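Take a look at the structures below.
You will see two complexes here that share chain A, one where it goes with chain B and one where it goes with chain C.
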Partner chain A sequence: METLNYRHKAPQRAKGSKRQVIVGVVASGNLEVLAERVLPDSECEVDIRTAAEGFGEIWQAVVADFVERRSPGGLKFSINDGGARPDTVALRLAQAVSAIEGERT
Partner chain B sequence: MIAVVSETSKDHDDASVSTSSWYEASARQRVEHLLDANSFNEFIGPEWRETSPHLPLFDLPEQFDDGMIVGYGRLGGKPVLVAAQEGRFMGGAFGEIHGAKLTGLLRAARDMASVPVLILFDTGGVRLQEANAGELAIAEIMRALIEARLVGVPVVGLVGGRAGCYGGGGLIAGCCSALAVSEQGRISVSGPEVIETNRGVEEFDSKDRALVWRTMGGKHRRLIGGAEVFADDTMASFRDAARYLIEHAPSMSLSTLESEQSRLAQRIERFGHCSDAVDIWRSLGAAEPENLPALHYREFAALANDLQEPRHDAR
Partner chain C sequence: MTTWDNAQRLRESRKRAGAPYAQGKRVAKKDATALLEAVIRPGDRVCLEGDNQKQADLLATALAAVNREKIHDLHMVQSGVVLPEHLDLFELGIARRLDYAYSGPQSQRIAKLLFGGKIELGAVHTYLELFARYYVDLTPQVALIVAVSADREGNLYTGPNTEDTPAIVEATAFKDGIVIAQVNEIVDKVPRVDIPGDWVDFVIESDKPFYVEPLFTRDPGAITETQILTAMLAIKGIYAPYGVQRLNHGIGFNTAAIELLLPTYGERLGLKGKVASHWALNPHPTLIPAIESGWVKQVHSFGSEVGMDDYIRARPDVFFTGPDGSLRSNRAFSQVAGLYACDMFIGSTLQIDLQGNSSTVTADRVAGFGGAPNMGSDARGRRHPSQPWLQAGKEADPDSPAALRRGRKLVVQIGETFGDKNVPLFVENLDALKLATKLKLDLAPVMVYGDDVTHIVTEEGIANLLLCRNNDEREHAIRGVAGYTDVGRGRDRKLVQQLRERGVIRRPEDLGIDPLDADRRLLAARSIKDLVRWSGDLYAPPSKFRNW
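Entry: the complex of A and B
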């Protein structure tokens, strides 16, 4: 297992008022993302525990791209990863933001 | 007993949700669509991070809810307690935390003595990495389940997930007041691979999917009285089945156990000589037993009502 943590400044606060959502499951090639509205509006944190070691650079790039696209200010993301591909990770992160910003989970 | 034909579900207007697959859904989706809209409240949710203490020792990933979701909500306006297993995480297997959450839910049900429990099974059995803790969890769950039933709480199992309901999950299902199963659901203790490994391929060929399904699958379980209701693989059908079974769950007493014992004795007497499920279906009076696996939900549900061995108020 490898633990990774990334903190970013986010220009905008994530919309909505929902406190938390969880999407995905921990399985081979899949991951779960727990998003919690616990940070100041201009900050974002992604905390990762992954079964696939040695992919820190790719995680860093996927997370940076995600923060730039979605500006999830105020959200902390906690990830348990079962070795998902970068495109799956990007989709799950986007799904988590959509869920916490929307009315329905 | 009557098979539950699904009516339009009034509490979920969205038709696509009602007809969406139970088998394909995650545990959280099943809970959400089984209960009245927005009525679910989770106990020890993922934000508590009550994860397995054992998996890190094996350098394996954890899941924040340890694959078990427990909470309360409403079904048709009435309160229910719910537990749902996520079959895609570790095969839905029982570990220490996973099991403790269900034990706690059942003990709460026992103490309240008035709120029914729904268990959404999706499990291969005990998690091998937590062997002893998992086996203890199964024993604690069965005790808590029986204690809840003894004070009059209906405990209804719903089986239709990817992992089926195997190992200790099969034992717990056997303790329930009543079960609903879909065609995709499988209920057994030893799984196909376990039987083949221990007894050889001639005893049971685990690669023969048709054999696996006609031996452990939902249709067969329904026909031999192992499940009370045959559900379609939809949210609405499982919802209707759950409501029906809560209302019709038999109570738990010495006479319940005695009649179950005599039902099982009669089953052996009647079907003990059969070497394949098809022989059993023929003995039950099915005109074309070979064609049973191909029947659609409504045809099969109707046939099962005619064929099922005489009911006893057992379990």
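Entry: the complex of A and C
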């Protein structure tokens, strides 16, 4: 088990008013993302617990691109990862933002 | 004095040697090995029918049991190395040399035997290439084939899995070889004649049906959202703009997702009747919803698929069927159809390098190629025009006069940037190169050459290699869709951005696709059971796919 943590500045606050959402499942090759609106509007944090060790560089790149694309200001993401591929990670993070912004249920 | 009938006389002596074991053409199962010892000579070229799907399993077991003092140094020429017995022959010293095309289930063991020097490898062929050599320099002296039933004269009914049999028997029977068939049963009258009796020398009745591998069944339940996203990209970014009607699909989950999106996403895009109507394809169960929804006009098949026989029988307007009602497949003709009469091949692979070369060979697996290299190559002998072919030719070479410009087949590689266990799809150098060095091969086993590939589709987008004007652009078009792999992260961001502005790289958002729409609810069938329902209960999936 490896833990990773990334903090970024986010240019914009995530829309909507929902306090928290959970997307995904903890399973092999998948992951669960808990998003909580607990940070100042210009900050964002991603906290990762992963079963697959040694992928730090890739996580860093995935998280940086995600923050740049979605600007999830004010959100803290806690990830429980079962060794998901980067495409699945990016998708679940995007789903989490979309859900907390109330675009979809 | 020169004699001109040596081969004919040798054939007669082989037949005479086998005759004591036969009543007419019929040989009892218990005499199978004795028959083979009588008919085969050391050093013979032998085709032990191992196809992509059906297997002459009884004859494989019989051949592996011959006395190696009598029979040795055989040269096996068969498309599929699929059964353990196929490799036992080499371990036992019965066979020495191998020319083949595909070894899916035996890919690890064949690699070990190659490295250990137990197999002298001729080449890993494409199907058509191996069949072609049956008629030039690899003509079998003995063919051990498999069919569903035979009559007393030796007329054979192959059933829906005709596959390689006609190509093998034609080459063997008409060049003085011996043809031995295993059949499930001997009957008074075969349902239809797939192989005429006078091409067949001996027939052995088996006590159980021959083995068929269900190779083309993909469980919709295992299709991921990312695979759905790649399928959406392919449909909207390639099928639609080129208007691809005639095509072949590989066997991966990405193309299964495309098949299942046609009646939903494809319908919504207004593409019904405009794309994906004429196919060279095995009867994929995942094509059932598209067939039932009226998308598919015609399908010619290399072989059949386990469980699809009743469904095919009930849809003769779509499939090629005989007077008996069952499917007639033919691997050689379907490969030719895929090569010359299809405008697109789309399939998956295990590794793609920086120039777009791809291979399914990895460090410890030599899987061979299957049908992909013929499907996934530009047919230089093609002369008939079609819209997708002309359009692709124009994109590759905009400046030549149109009437003298060759078209191009669309050869599309589709996959996720990372495969199972987070293994990257994109690599600097193919493992195939390492294998070639280790085995001292003149050629690395490349499945699809980079200069034949026109598009690469991943979850990050589509790279259109037709629009690349030099190797540097090509490399960055590939890096630009390689996601977070080392190859992808090694990109020059500015160059990738320029390629995107020129439309060489297209992202989901450039095509109006939101990755969040890639939802399993888009699949026309989400389980094997759904496929059974779509088929009106005609599709009978093999038990390993039944989970209800």
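Keep in mind that, in the parts below, the second predicted complex is superposed on the first by the 103 of 105 C-alpha atoms of A that agree within 3 Å, B and C clash if a C-alpha of one lies under 4 Å from a C-alpha of the other, contacts with A are read in each partner's own complex, and residues count from 1 in each chain.
The rule is simple: a contact is a pair of C-beta atoms (placed from the backbone, for glycine too) under 8 Å apart; a residue touches a chain by one contact, two chains touch by 3 or more.
Here the structure is a predicted model, which means the values were calculated and not measured.
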item: Room on chain A for both chain B and chain C (clash or fit); value: fit
item: After the two structures are overlaid on chain A, angle v-u-w for chain B, chain A, chain C in degrees (C-alpha centres, nearest 10); value: 70
item: Partner chain(s) touched by A:27 [first = chain B, second = chain C, both, neither]; value: first
item: First (chain B), second (chain C), both or neither touched by A:61; value: second
item: Which superposed partner A:88 touches (first chain B, second chain C, both, neither); value: second
item: Minimum distance between Cα atoms of chain B and chain C in the superposition (Å); value: 5
item: Intersection of chain A interface sets (partners chain B, chain C); value: none
item: Residues of chain A that touch chain B when the two form their complex; value: 1, 20, 22, 25-27, 30, 32, 34, 36, 49-51, 78, 80-82, 105
item: Complex contact set, residues of chain B against chain A; value: 26, 28, 32, 45-47, 49, 56, 59-65, 86, 88-89
item: Chain C contact footprint on chain A (complex, rising order); value: 52, 55, 57-58, 61-62, 83, 85-88, 90-91, 94-95, 98, 104
item: Partner chain A, residues of chain C touching it in the complex; value: 224-226, 229, 416-418, 421-422, 459, 483-484, 489, 515-516, 518
